[in-house]
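Think of it as A, B, C, D, E and F in the order they're written, each chain with its own count starting at 1.
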Amino acid sequence: MTDYRRLAQDGLWSNNMVFAQMLALCPVMAVTSTATNGLGMGLATLFVLLGANMIISTIRHFISPAIRIPVYIVIIATLVTLTDMLINAFAYELYKVLGLFIALIVVNCAILGRAEAFASRNTLWDSIVDSLMMGIGLTWALVMIGGVREVIGSGTLFANAHLLLGAPFAFLEITVIPDYRGFLIMVLPPGGFIAVGFLLVAKRWIDRRGEQRQRRLASEPDSQQHQPSH
Amino acid sequence: MKAPIHGPHAHSESHLPVMMYQVLLALTPATLYGFWLYGWPAFNLWLVCLSSALVWEAVFLRLFNKPVKTHLFDGSALVTGWLLALCLPPWAPWWIAVTGTFLAVAMLKQIFGGLGQNVFNPAMAARVMLLIAFPVEMTQWVTPAQQMAQRPAFSASLQQSGGQSDLLDSYSGATLLDSVKQRLAMDEPLSEILQGYDDTWLTTLLGSHAGSFGESSALLLMLGGLFLLWRGVITWQAPVGLMLGLVLPALVLNRLYPDAYPGALFHLFTGGAMLAAWFIVTDPVTAPATASGRFIFGLGCGLLAYLIRTFGSYPEGIAFAVMLMNSAVPVIDRYIRPRIYGRSSKGQPLPVQKIKTGEQP
Amino acid sequence: MLISVMPLTFLGLILGLLLGIASRILKVERSSIVEDIEQLLPGTQCGQCGNPSCAAAAQAVVDGELKATFCPPGGRAVAEAIAIKLGIPLDLNTLCDEGPKVARINEALCIGCTRCFKICPTDAILGSAKHMHVVFADACTACGKCEAVCPTECISLEPVQPTLQTWVWSQPAL
Amino acid sequence: MNLALMRERLEYQSLLLGLVVMVTCALLAVAYQWTREPIQQALANDMRQSFSQVLPEHLYDNDLLDYAGQIEAPWGHLTYYQASLAGDISAVVFPMQASGYAGKIDMLVAIKANGELSGVRVLVHQETPGLGDKIEVARDPWITYFTGKSLHNPLPTSWAVKKDGGEFDQFTGATITPRAIVAEIKRALLFFEAEQATLLYPVKLPGETIGVTTQMQGVEKHD
Amino acid sequence: MLWKSLRGGVHPTDYKSLSNTTPIQRFPMMERLYVSLQQHLGAPATPVVNVGDRVLKGQVLADAQGLISAPVHAPTSGRIASLAEHRAPHPSGLPVLVITLEADGRDQWILRDPIANPFSLPPESICERIGTAGIVGLGGATFPAAVKLNLSLQKGIDTLILNGGECEPYLSCDDRLMRESAKTILRGAQLICHAVQAKHAILGIEDNKPEALAIMTEAANGTGISVKAVPSGYPMGSEKQLIQQLTGIEIPAHSRAADSGILVHNVATAYAVAMAIDQGQPLISRIVTLSGGAVTHPGNWEVPLGTLASEFLNHASGFDMKPARLLMGGPMMGIELPDLHVPIIKGSSAILALTEPEISHQQSSPCVRCSRCVRACPMGLMPLEMAANIRSGDLKRANTLGLSDCVGCGACSYICPSSIPLTHLFNYAKGELILQKKAQQKLEATKILAQRREARMERQARDREALMAARRAAAAKKAAETTDSDPITQEASA
Amino acid sequence: MSDYILLLVSTALVNNVILIKFLGLCPLMGVSTKMDGALGMGLATTFVLSLAAAASWMLENWLLNPMGLQYLRILAFILVIASVVQFTEMLIRKISPPLYQILGIYLPLITTNCAVLGVALLNVQNQHSFIQSLMFGFGSAMGFTLVLVLFAGLRERLAVLQVPELYKGAPIAFIVAGLLSVAFMGFAGLA
């Protein structure tokens, strides 16, 4: 029985693609000048990841090691091209933003990594769960980074969300700091690195707090065990 | 048992805080001149920079659980704050100063582990980041002549420093580097551009052109630098390297195309060149550790600054050049190192050399 | 349709053939355990472990130069798998180093039972039946086996005392 | 069992990769057929959308994409689009590219038949957010001030930013971007004046159709 | 000749005038002497006398043991009171075996046999004589002189360099010795030259000792020994630096001066050699500088080895004030003494009692990469990098950066404005690396032991199996013969 | 000629692949703990990038364009790049172990470096000629190597500094990368 909870925890937090594995960095940096862009990229990657994992885990028994990588890459490339065409056809505005980086999902090392590390050795269902979790993990990371950069850099959040999600989601677009002068550096290239750096610090801090609490909990049961006997 | 004390049991006189305070002393003449040149707003700026640098230092020392008292007054935060003040536009509002010292002291120094651990020059990196983040405020210059003709009152200066006045509009002017660059870009010949400034290098030496607060007087800065050199706080390699790096390409291009490229002295005495030469590239923390390494470091800073000034988008390239060379310091330190006694420069033991016999004692 | 599929299919056929041939002709023999470990690794080739490729990392972990937890992309699962495969403890930071020790036999209590003599894996104990035994400190690895078997509890592991010859400066407090 | 053995065979490997490629190619070919229309539609819509920004609705009643012409400009090959109202050419629209602070600025210029600007819009640019990006109409109305201007209003000598002694505002702390745009628009006007005859000559009679895709290179090509 | 002056180095205030103006005084014999068995580099000497024995002055108390070692002699006549552990004059403060000698006050010499015509003897016997006299290098390293001479003789020496550098601040024992015993020193030099068959001899003296320079130049006239001034600066007196200064030769890494045909000895060592050969006197006393801001009467004394430092200080001078730090040796390379209850040994060139301002020590602050240490290092190292790597635990990298080339002179620590204990870090790392190497060697040795044991166990098991099989076979045979139950068969089948 | 030099400067410095274009960040974070490794990686990337630029140009202009198959571009490029890299790796490993130590061990890493595909695609997008494509590939690789080596040097130094626990390792590396990117902005407008 596969431990789905663990898969989820790994994908979403402890083995997060960006914050723990530190892969998929190029799209992370390049398209996260706003939270909306991050969301779009995350969803596109999620789609490719899910598709690739499903296919690869289905056909894994037929593939010989010598041509393993080319086969995986071809499959991923196909999915990416599909995504590219679909976005181009049906979400042109988003396409203008994500541009080149959709094509680069192909070499997004994280996808090939997942294919090799997980899909090629696990069952279809496990692979689906894993890719979903990893993909969602990536998406929230992208949204997070985009959000931080956007708020600090220009004082808004989810600007242009309607372009991605449709007019009904225009309510997401918030101006966090009205009349903000803008801290330009955060929306420029350096801001991406700096934002990821500080978010990593935040994750580390939270992890550490968690560990401390765990340790405290671990020491408490001793005292609790004694209580019932009294 | 008490742990034994290891030798040596004698130490030289020079201690770190002394060095730092000597740097502050060396900066004083240029700063006082800056007060006179730019009036109260400049003084406010200086004050805000220094005090906010100290506050950030204290806050972050606290945050990282370091003894605040022992580190706060080692003078390094003051030097950083002071130098940052000197390279800001003289009438910059207070929040530029506070953000700048935050970037310099907290982000570029304390996060790296505090004094001595930073890899980028805090003052320069903060200046660059401010420039990129607030390009408008960071390129508003005051014309000294106008300021001295009609000094704003202290109360008005408070408003200016508070960022709530449009006083600046009536005093503003471009820096020499900026205006020369822009007019050269519009294909005006250099001789025409510099017509109003026929004694360019003399005035810049004394410093009466618009520019950053402390970069105006090349002469006073040089004086401070020579003082540091005399006290042994700095060595000559980096300053000389920087000046050569600026002067050599300027000489060559000026000789070839006198109407398109300003001469050597122009580059040497405008913008932040002198401040950088004596106080920035000499920052021990962010420079290579060997003498020849420091020369190369200075030379690189000069050449890059010239490149950026002349061919890039920014009128002043010193700060970028320093940051770029800062990032090359580990590489320099790796390849430029003293030859170890008894080893070749590659680190191999030397061949054994027999003493020559037959020589009469 | 057909025309668009053909050329690339052809390309695929050729490349597949080439790679197949290449993998056969150019095969380099490597130890099977390294290959097994490499199989376990994500194959991301990300280099975060400090090795230039997963294959090199597999070699390094087999050589004992890396901890089992070296691979960030692999996460916990891979670390566990490697630890199991190599039979090494996963959490290395639970091991604490107390400095060197050596076994010492209390002469007054030793009854000469020879149990310690028999069990010592490095032959560090000298002595004969019914006579006092001594530890040859240079050979003792402080494994503690003799301490466990001694019926009179006369063996103890004691920190090695420095002498003028072996004393070294300790790390300065900074 | 069998599979494991077979996987080691050369032909298997070659065929497998070939097969995978074939299947994926086929899949993509289908997808391509399916999305080609929508993609072109999206592109065309995007362009129409841009046209509508530089041309007031009352100025034309045709689909500009159907009225594209080619001309050699001093700076290279140019595709232009004619707007017509009730069969008369009322304006031409063509792309221009200015060299801004951080790179090329792609814009669309619409000039009425009488030489007046009908509108200018910036399509793609990399200017600094908060500074140069005020040329986007979404951020600042600056670019709309060109509407109605022509080579006579103001006179060519005043086609410059105020800092250079001209008519047009610059942005505080960012002169380079507006300067580039003003210069480029002036160039467009001068070009229009010189090539008026060609540009205003109808590229086709009503009812004729020309494929859209081949004509859009002029505008499509921005990165 | 114009050699490049000392590379790197520092110029500490030298304080030599505190002690170099008065002549060397003879220190009186104390009632009890504590003669350490470890007064030299290498294995400690093994005692050859028993508690209660009466000994004469100059009699051997303990003999050299092993390849690198030196004997120890009685500094005066008297009775062996005890052989016990006593705190060593060593930074660790660990105990060392010490022979306590109760002086009888008669100071009666054992029979001395000076060599009448040493130059007619083969060099080997001169070396042997120097060895039995217990002479060790008096320049600080206390390396047994005979060992060094023998090895040098085998390598072939061209030039003897006498080290009169004395670059450490405060120290003036060599200075005074050169002024007062120039002839003896030169005689010693000639003897050493003969012992290693050297053709030339050079005496290098720092130019901050003009009197010694003048006296030695004068005395050397006609001896064929050249006396040369070298620029003063710390560590000019270090072997490698002095050789480079005087001859221009750089001793390659991992090689010794002897490989280049050079032998370096301290002037006091030469003096001791002359005394041993010409007078038959073993090394039983040495010149010790007593100095420092806290000392009332600084000066130089000839002190019998084994005199307690506390007695030396009390009788010779006393304190002006409470000293901040007590040292044996110079302030740069010397060691801190936790207390003065330790004996003077052959390597004790000085006892210093320093005041706080003289030490000028501060709480250390972070390295600001000022690179003064790089400029100061005479070996061309980058102390700041080595220290940073050691602090972050990367000793191996520190070693590749040149830790093994560091002579431990302390110039870097002296100059560091952040008061970082650089030399301490280096010595810690050097020690740690040695320990690691030893542990590695031990691991390999035990691995072999374990394998051997395993093989033995297997063999024994096989033997036992064979034995059992044989017995079983025998038993079966027997059982076939007699149906009676037999204790042996029972045992075998059990 | 000067056009080509400008193209080189522009791709190596002004539009640096890593810091400005954001391509190839994973190896930047991964293989930059040691300067030697960074140099090796840079050399190997230079090799592959140039090769990929040439191969993809030929593919585009001789196969995809004539047959109107532009929509298969990503697939064709990556297929060829991956195969070529894998093939080169095996070849080098077999024929020259020393070269393999210098270059080969980094090759598998490069397949998944998006700079390679990114540069190939940019070449097509910018309609570069064959020579221009090669120059573009080479210049990008030089820029990549430069940044990788500088960054590795900085990280080597960071490793021995007293960086606060929370910031040690990856976080401070990212912040330094950000500052490096700030510094590279200084090259703006050079070409």
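Throughout what follows, a residue touches a chain if its C-beta (ideal position, glycine included) is under 8 Å from a C-beta of that chain, and two chains touch if they have at least 3 such contacts.
Remember, it's a predicted structure, so these values are computed and weren't measured experimentally.
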Problem set entry | Partner chains shared by subunit A and subunit D (touch criterion as defined above) | B, C, F
Exercise. Which one of the chains is farthest from subunit C, going by Cα centres?
Worked result: D
For this session: Between subunit C and subunit F, tell me the centre distance in angstrom, where each centre is the average of that chain's C-alpha atoms.
Result: 36
Problem set entry | Intercentroid distance (Cα basis), subunit C paired with subunit B, Å | 51
Seminar exercise, completed: Whole-Å distance, C-alpha centre of subunit B to that of subunit D, is 45
Exercise. Using the touch rule from the top of the page, what residues of subunit B touch 2 or more other chains?
Worked result: 6, 113-114, 117, 129, 132, 135, 313
Seminar exercise, completed: Multi-partner residues in subunit F (2 or more other chains touched) are 26, 29-30, 71-72, 75, 79, 83, 86, 111-112, 122, 125, 161-162, 167, 172, 175, 179, 182, 185, 188-189
Problem set entry | Contacts with two or more other chains, residues of subunit C listed in rising order | 4, 8, 11-12, 15-16, 19-20, 22-24, 44-46, 48, 169-170, 172
Problem set entry | Interchain contacts (touch definition) - all pairs | A-B, A-C, A-D, A-F, B-C, B-D, B-E, B-F, C-D, C-E, C-F, D-F, E-F
For this session: Quick one: which bits of subunit A touch subunit B in the complex? Just the residue numbers, please.
Result: 181-185, 188, 190
For this session: Would you pull the subunit B residues touching subunit F in the complex into a rising list?
Result: 64, 107-108, 111-114, 117, 119-120, 125, 128-129, 132, 304, 307-308, 311-314, 317, 319-321, 323-324, 326-331, 334
Exercise. For subunit D, which residues count as touching subunit B in their complex?
Worked result: 101-102, 128, 130-131, 164, 172-175
For this session: Would you pull the subunit F residues touching subunit D in the complex into a rising list?
Result: 71-72, 75, 79, 122, 125-126, 188-189
Exercise. Within the complex, which stretch of subunit C touches subunit A?
Worked result: 12, 15-16, 19-20, 22-24, 41-46, 48, 72-78
